[in-house]
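The same chain A turns up in both complexes below, where it pairs with chain B and then with chain C.
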Partner chain A sequence: MGGVARALLRRAVQAALVVILVSALCFTLVRILPGDQALRIAEGRYGYDRVTAAAADAVRAELGLDRPAIEQFAAWVGRLARGDLGASLVTGERVVAEVAYQLGHSLMLALAALAIALVIGPILGLFAGLRPGGVVDQAGMVGAAALRAMPVFALGIGLMLVFGVALGWLPVAGFHEAENIILPALALGLGLAAASARVARDATVAVTSAPFFRFALLRGLTRAQAVWQHVPRNAAVPVLAYLGVQLALLVEGVVVVESLFGWPGIGHALSHAIAARDVPMLQGTALSLGLIFVALNAATDLAMIALDPRRR
Partner chain B sequence: MTPALTIEDLHAHAGDAVLLRGVSLAVVPGVPLTILGETGSGKTLVAEAAMGTLAPELAASGRVALGGAVSEAGAPDARRGLWGRGIALLPQEPWLALDPTQRVLAQVAEGHRFIRGLAASEARARAREDLAALGLADAVRRYPHQLSGGMAQRVAVAAARAGGAPLLLADEPTKGLDADLRDAVVALLRGALEAGGALLCITHDIAVARALGGEIMVMLRGEVVERGPTAQVLGAPRHAYTRRLLAAEPQAWAERARPVPGAEVLSATGLAAERGGRRLFAGLDLAVGAGEWVAVTGPSGCGKTTLGNILLGLLQPVAGAVRRRGGLARTRYQKLYQDPVATFAPRLDLRTALAEAARLHAVPWAQVAAMLDRLRVADALLDRRPDQVSGGELQRIAIARALLPDPVFLFADEPTSRLDPITQQETMEVLRDVSAERGLAVLLVTHDQAMARKVAGRQLVLPGP
Partner chain C sequence: MRRAGLLLLALALWPGATLAQQPLRVVAPFHVESMEPSRDGFNFTRMGVAENLVGADDGGLPVPQLAEGWTLSEDRLTWRMTIRAGATFHDGSPVLAEAVAASLLRARSKPGPLANAPLTSITADGPRVVELRTSTPFTPLLAFLAESSAQILAPASWDEAGGIRALIGTGPYRLVGFQPPFRFEVERFEGWNGGPRPAIARAIYESVPRGETRALMAESGRADLAFTLDPAGTDRLRRSPRVEVRVMPIPRTQTIKLNAGLPIFADVRARQAVSLAIDRDGIARGILRSPGAAATQFFPPTLAEWHVAGLAPLRRDPAEARRLLAAAGWTAGPGGILTRDGHPFRFTLRTFSTRPELPVVAAAIQESLREVGIDMQIAVGVSSDIPAGHRDGTLEAGLMARNFSQVPDPIGTLLADFGPQGGDWGAMGWTSPELVERLAALGRTTDPAERAALRQRASAILQAEMPVIPVAWYDLRVAISRRLANVSVDPLELSYRIAAMRWVE
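After this line comes the complex of A and B, so read on.
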């Protein structure tokens, strides 16, 4: 299986690059953000109203923030190489432990969103593509364009207003009940579903006008038989390829949606870490998001190889 | 014997243009019927009428009797229920007619399962037998991209016939195939006949008609101009058009004096080339003189095109060197491609395309116009796009374009393989005239042995894998 080994090797190299670039970028960005890092950390620990310049100085000394930047970075890279992401500057918890807890929630949300995207999108696209210009096609594609054009935060607030406030069917925040995941997963998954519906629609049109589909009909298969035998697998190849590109949106959306719905995942932790200038947490969460992106892409690659024998 | 297919008094027209005029035929089991004609003769419309897939905007009349039922020729879907059961269509370019994501066995088994209604396991067993009978027992688990052109052709035959249709309809079954594969396809079609089937074959290739034997119909502009036993029609043609078609076969071309090679324009020593790590040829020496014709022949994939591209400097050889005559611009070494459509910008009218090339080579338009006139390209054609003229017209325009920089060497890569026989002959005549006048050396890649023998001063045969 040369194709599988090649794909995994490529993604492993990408993962290594993600680790190096993300950690360096996080470290630099925090340093050039306006405001005093030590003061922000002290605020995080003691509260806005009780923080003093003395407390900030104490934090600076304790965490070695007054050492040269290059020295701090070298120390962090040295720990990273041993698998140690350090401790949160605010809570003092190990970053690995915090991230491990959040990772589960984020993965659950991401997979739920992907499931929604893969159930709604390709099926809608298939039916739209089987009758180009028909009712399903026109209505579905207008809906898909609208959903696709809407920013994730606007879609999330819209869902909250409709299902949480007006109808009162679903909770707008929280994470202890199963129903809590529905709205954030929809907010995240509908945009992806819209994009994959478009691709699935075009792929279906392309497959049903391909010579091999025509040949299946001429051999005597009914249209339904020919569609069932030849369309799904052939149309799935471009849908998956495009999904791989779309995964960047998923990772980006996780940050927005988790903050919006108070979902205790990595994206939520990332935005908190930025506000608190909690460099180890920022690096840990950004790294995790980057690696999730690479892992999902590797899974996409493997699925493509399984679907399309020409890639093996 | 009861005919498997009868077509009576088939007419079709699109607006004022009459496309078919009173075509009648009967195909009986065991005797192949070949319809011979060039592009635009209406022969493919006859096949579509038999299947019942004529475009609805063609007003068609006539009757088709198939599988014991008579229906109107133009009625949409009238014979839809007989596809695969009563009539099987062999696709053109079978490598495109197979699902790229499905194994060969599954594609053949579909016919047994969905048309004959067998259980899945039984259908697979039958498909395995079909493929084994065609010498494909080892290929059942392959995907289409792992098949050669000839294997894909056999799989397509097995898939088309799996539903059990007694009548096989083959529309240009040898399109795009070299001579060896063409013979294999003819053998395959004959095999179907010997198993008790009926065969209607539509082709522009006289060699296919001759090899199939049986009965033949010659079509011209929507009409049958001559019909009868194949041996008799091809041996003693009565209609002027049939005689013209036969005269267009390369072996029947008039002998011309072979040009005496002039000063050397190009030489190569010790050439070697590889493709995908596989050695194509090695230690090849070649020298071409002005006005000389060298034919390069050999089986598909033996590196004929690669050799030409190396001589032009488009590819680097693995070993050896090419020497072109000193003091000449690179553009004096030109290439004529197999598929002219692919060499023109699709949305640009031909006049603009030619004018740009003329400007590039600083050739006055009057000279271009004179060459086009010489090649019998009507001026009005130039206002069309490449897909709006015929293949023969476009290839003649491509020749005019390749001649703009006044080449001393032309690499002609199967320049007529997609043309009808008569157009092929005319195109080759013009090319030979120009070559003789200008001392243009030509390296001709061809699958057609007869043509190579007829036009080339010498032949270079690449051994192949």
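After this line comes the complex of A and C, so read on.
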């Protein structure tokens, strides 16, 4: 199992790099962004109707924002080394507590989207690939192209209109009931499913025209038996590899989908933290997204090793 | 399947289980990040969880809330507020004057209007009377007490450090669930004695940032009250059989703040010319989709006391604008841009996209100004760029939306905007001793005729001097489920008025 250890070690190094780079970048970028940080934080706290220079000065004094940048950064790195992410400058809550709550929601959403991508995509791809050029294949091609080309935002609105308004089957937005997750997960997962369907389709075509598949038929297996024995596992390798590459899309889409559907996750918190110049929250959320990305990639590596003996 | 069948059977056999048990769902764009009154307190006031001593009617006039009445001393310096008899906090403890005073003192220590009121003391006099003293006569104090950060909470709401631990108010609903920043849930408080027992037993507030989503939630019946819809989305909603759309003018005005300290704007004729060039009707019809929204003066008609019926309305007259600019020494220069002493008439307008209509309105103004020879650049940033630019002196002009009902009497906002040093969201490089004096006098006098005259004069000064140019008034668009009856929309947005609503039988 040297392959597993190697893969995990590589991802651990990557995770450490993510932590260092993301924190330094967040800290620097917030300072480069236009606008006065204290004013933005005051606006986040009190709403813009109430923001005055006096409120901003109070925030500046409270948070020590007029200290030299290098001093603030050193203090922050010191805390991070102790595993302390600090407190939100806007709400005053511990970042760890806020992020933990939001991370749970984002992970749920991401996993649901991945499940959709893994279930719908490969199955459709398999059927399309068994009859290349057939009706399923051609319809799949058109559908996949359309889904991939559509921005997540537009897809989300479309899903709301169809399933929320016209059919009335599902809630348009919200997060409190279990069924609330379906539409955002579809908005996020359908694009991925479209891509994985095409990869699965090509892999199926490749497997069914491979010599070992023809040999299986010659051995006397029925076509169904041969497909069941050879296609899923062989096709799974390129599908997983492809999904691993596409995970960035997922992390990106979470930001849009969460705001659209009013889902209390990391992506929404991230955009909010940027607007409010809430550095600790920004660092906390960006770190979480970065680490989710690394963790999902590590999971992809492990799955690939499990599926493909050549990698062990 | 079997469980679903049983559930249906149970519902069919239990008639009371249908509408009356359902929570009323409110969606609005505002996050609820904390229970701290000075931050997100308005959400809890609107949902009926917290009460203030004083409320306001549709026209912004003070009405009793947790205080059942008040008196003002002869010297107009001492207010005595009498607490509603039998009022209790949500934890069951009686509302004592001591607790009310402590609540107000705490509000005064936080950023908010109360911090700027000339209060010298807030004390309890016996169990039911709170006495507030001011250093000078200050009639708008009642309006300041109606502002959401001055809500009255029980002593058990605070922790040792003065932070908020729980929201224990006195309103018709009590908080039973809080999931920041998106959701909280309230339940009828049976101990409330401020009015008839509310018919709606439970309600849920959800923050939904996107207007499109809120509109679709209303259309699909998943929200009973959807606030702050955008004009484009409401056209579609009007065709839905499920909802009624109400459009309500609110006391918020879109204004351009000019830096009158700049040579280009120091001359009042230049400021008037900018105002004359703006196509307010076009903006109201084309962008805001509300023909009545074109501002004819600073205050919208909703603010009945402040809107001056006889004031000559703001109008569009590019020819007159050109004439004023010529009289102020501006002559045609290269590219059709006016110049004076070799300097072009050029400035940058800062605005922000939190209110998505603002950048579009800015573009319309840019076009209109170009027609009279003024080159206006647009910088779209964030709202705090405007107070920041005011403070460091770099702001040339800013387009914003000013709320006059945060303190239900606009005097609260005017004192902050047009004081001797101007204001972050008000005048810049301009002051009028007469206006300052009139506003101060308004704070002192209680005589209605005198007050009306002072308000008229204040409006007239603003209209003539144009330190801040009104562009449009705002509408609040609300989608209301047809399953709800007795719905009224508060133009001051102090309350969602759920306690008065009921489900249609």
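Throughout what follows, the second predicted complex is superposed on the first by the 312 of 312 C-alpha atoms of A that agree within 3 Å, B and C clash if a C-alpha of one lies under 4 Å from a C-alpha of the other, contacts with A are read in each partner's own complex, and residues count from 1 in each chain.
As a working rule, a contact is a pair of C-beta atoms (placed from the backbone, for glycine too) under 8 Å apart; a residue touches a chain by one contact, two chains touch by 3 or more.
All figures in this text were calculated on a predicted structure; none of them were measured in a lab.
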| item | value |
| --- | --- |
| Joint occupancy of chain A by chain B and chain C, clash or fit | fit |
| After the two structures are overlaid on chain A, angle v-u-w for chain B, chain A, chain C in degrees (C-alpha centres, nearest 10) | 160 |
| Which superposed partner A:G133 touches (first chain B, second chain C, both, neither) | neither |
| Partner chain(s) touched by A:I157 [first = chain B, second = chain C, both, neither] | second |
| Touching partner for A:G2 - first (chain B), second (chain C), both, neither | neither |
| Partner chain(s) touched by A:P68 [first = chain B, second = chain C, both, neither] | neither |
| Which superposed partner A:G168 touches (first chain B, second chain C, both, neither) | second |
| Partner with the higher number of touched chain A residues, chain C or chain B | C |
| Which superposed partner A:G83 touches (first chain B, second chain C, both, neither) | neither |
| Nearest Cα pair across chain B and chain C, whole Å | 37 |
| Chain B and chain C contact sites that coincide on chain A, given as residue numbers | none |
| For the chain A and chain B complex, residues of the former touching the latter | 210-212, 214-222, 225, 229-230, 233-234, 237, 307-310 |
| Residues of chain C that touch chain A when the two form their complex | 30-31, 33-34, 38-39, 42, 111-112, 163, 179-183, 204, 206-210, 212-213, 216-217, 219-222, 354, 381-385, 387-388, 390-391, 402-403, 406, 416, 424-425 |
| Of chain A, residues touching chain C in the complex | 34-36, 39-40, 42-43, 45-56, 58, 90-93, 157, 160-161, 164-165, 168, 171-176, 259-262, 264, 268, 272, 275 |
| Touch list for chain B against partner chain A, complex | 51, 83-85, 88-89, 91, 93, 96-102, 110-111, 114-115, 143, 145, 156, 159-160, 162-163, 165 |
